[in-house]
């Protein structure tokens, strides 16, 4: 093991399949042609490297998101906003009962750098972990170039609203966001906006649906508007959400177009709790004690609505705030 | 085999399905082991179908924050809030007029919007005509008014205020 | 719904993605570009159609095999050797506790014909559900030709031993079985066999490893030799077993080459029980009350050893025979 | 992008790893919630490494049926069974000689093989020289004898007989 130029990231030289191996705390990460291998002091785990990279891409792009990012039923991360838990078996009843679950807390910059290095090194030029299966090549095989451009896309985070002067820009053919093939029929006309002198930064409206039709990624909620801690995080979805998201607070979904089915499981045990079918105009809460994975047969527009209040995880974990949003 | 053969064949064109007051389908929660009320499942078109013009009916609530489904029909009263709000048109065409209030009736930390009595006093800021999918900033300290010739639907991102209506038992799936 | 030419198979005309929909008892099957949809009186389920077809291919090729073929954690079949249960949620704790699990018993010929029709209709010309990911194209997209040749491969069932006169033939370039790319280094020389006159049908030996190196399918145990009910069912494995096999008797694995990792879960609840790492020469039993799924990073040779005694499922289900093979 | 780019790049050649007496690695059972003895995990090369020539050590058992790991070294005794058996050479080179017995010492329904005293009486059937991966029929009613110049390993598919040895505590993983 040698330390690469990036401070603190512990990576090996390329192994016989051309990929580096990584160490983070007591976790070790390795890939070959088909699989990612994760080991920790009490066990080890294999995942299809395709699934692993798609999950890793979301975990990094979301900067570990709200709550738990389950790569699958065994491995994942829990965000503590400054620190991150890396875990194996923590949300798997069998591992917990056997006391074989393992978890380590690391500083966010360290895991961010390490995970980014893994994603970059393990992604070949033919694969885009942000894309839908129809839009990309295979993740498999030996090391074959890279796709740094794809894996380093920045997540959009509007401060106030997309399209305001100085805020996140609109998307167009010109700045590299063509309309997605499955959303080609979405009206591209922008709203009529008449601004009186002096109010250029305040009178603002944009075509959110057109903006979403030009999204080049799937399953990547990105902030489009912020009312204090209330964040609209719309995203386009196609095929299967590459992670199982475990909530640390209530989150809401508003289906803007087409249809998504959500498989909802207990956050801690993985036992099935519900199945939520959402069609355009449907609104549903996701309780704070579940985890969910979505299935979208056609590229669809989903509005994920988050409350970024940093006190929420503690309020919910301590029982001061219920795990569901409304009593009625 | 060419690349497209390897990757499967796609349709030559796709139809994106949006909802509207006239035409929406509703999904739902299928319970295995939970209470459907924990999901507060509703549909903005259904809520707006059964609403009076410009009623602010919460379809989402996360602590103090709400999402309101609003039936746009005719001209609304003037309203203002001490914080930014956002109006996303889900159906129809809505004209939004904005006036910078000389004096807000609200303290700076007030949450939610309030109605103004009569016409707003201040400088005209501008006007937006928004259709389906268009999202408009309702800036803090401005007065705004909606107007729609035909019934439409607005989804408003805001904080619960005195006029936010909570009618969960009526709108949300309970079995 | 109309009945097609095949007696008893209930199929619709092609839907808007070009695929037929099928009804079997109270189960209904539909696919679109990405997903297979299964509905039954108490629920519904979605699977990636890629996974669904790979699982369906095994279920048919094995004629429903020994015990349970779980397509995933929800849907599958249980073989009763003449009849077959089709189930949803039966081996999923959450579904069972909620009494939402559902199962129907059908005659083997009916499910055989129906499943074969589904597999044939839903497989495009670019996809081979028996092949490894490196060897085939995508299962996704709208209807686009067929691959009947691939999906109707017959499973090899030697009566006595492969290579005997009149029994299952050896494989060669000439009869359409080239050596697999990942087993190209396997010695192809056949054993020296000297037969005295009159014993041509009894003195027999063949190169099993060469035979396996020419397998054109993955995860398809096929009978190579039979000592009464003791059946050697070798197979070549690459990537992930497309089903989770639930045993109704003890089965044994002998790793002939390379390495496979088995994830072993409780047959009824799906809770993790063990992880078995097998390298060349390793032998392991699989108890009669588990289910397992294998991961093979390189195409490997696995000998599956079965006991075809038809009394075993009842002996084990009744507790007269233990679920594990040996007390020591 | 060409087809190979879409599908990922493969190595130009692969090495298939077999085991041998000289060189084998052993995996194992990692338990989460079970007893490792339920898996009776062993390795045929390890078993044969520690065995005397032609000991018949069960490495698999399913009711009456067994898999025996046999260390082939020198010349074995003559054996016969009333049913077919199969010998798969896992390492080395083994000569197998077959003789059709004029009279089998076994009833037709006997299970497992027995040793013959001295040379078999009957017609010579033939001879096989089998190396790694080669599988040979040991036909019902024939006498057979193994011979190996250097140590090798046979995996035999048969039924438990009087000479099958069960040494699970010695060969199988128990923790």
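Here the chain labels run A, B, C and D in written order, and each chain numbers its own residues starting at 1.
The rule we apply is simple: contacts are C-beta pairs under 8 Å (C-beta built on N, C-alpha and C of every residue); 3 or more make two chains touch, one makes a residue touch a chain.
Everything numeric here is computed off the predicted structure, so don't read it as measured data.
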Touching chain A and also chain B, the following chains: C, D
Of C-D and A-D, pair with higher C-beta contact tally: C-D
Mean-CA-position distance for chain C and chain A (Å): 34
Whole-Å separation of chain centres (CA-atom averages), chain A against chain D: 51
CA centroid of chain B to CA centroid of chain D, Å: 73
CA centroid of chain C to CA centroid of chain D, Å: 26
Per-residue overlap in chain D, given as positions that touch at least 2 other chains: 1, 6-8, 10, 30-33
Touching two or more other chains - residues of chain C: 33, 43-44, 94-95, 134, 138, 140-141, 271-273, 275, 298
Chain-level touch network, classified as line, ring, star, complete or other: complete
Chain C to chain D touching residues, read off their complex: 134, 160-162, 164, 181-187, 189-196, 198-199, 202-210, 213, 224-230, 232, 249-252, 254-259, 264, 266, 271-287, 290, 298-299, 301, 305-307, 309, 312, 321, 323-326, 328
Contact set on chain D toward chain B in their complex: 1-3, 6-7
Interfacial residue positions of chain B with respect to chain C in the complex: 1, 5-11, 30-33
Contacting residues of chain A [partner chain D, same complex]: 17, 33, 43-44, 94-95, 97-98, 100, 124-127, 137-144
Complex interface listing, chain C residues touching chain A: 32-35, 43-44, 46, 48, 92-95, 133-134, 138, 140-141, 238-240, 261, 265, 271-273, 275, 295, 297-298
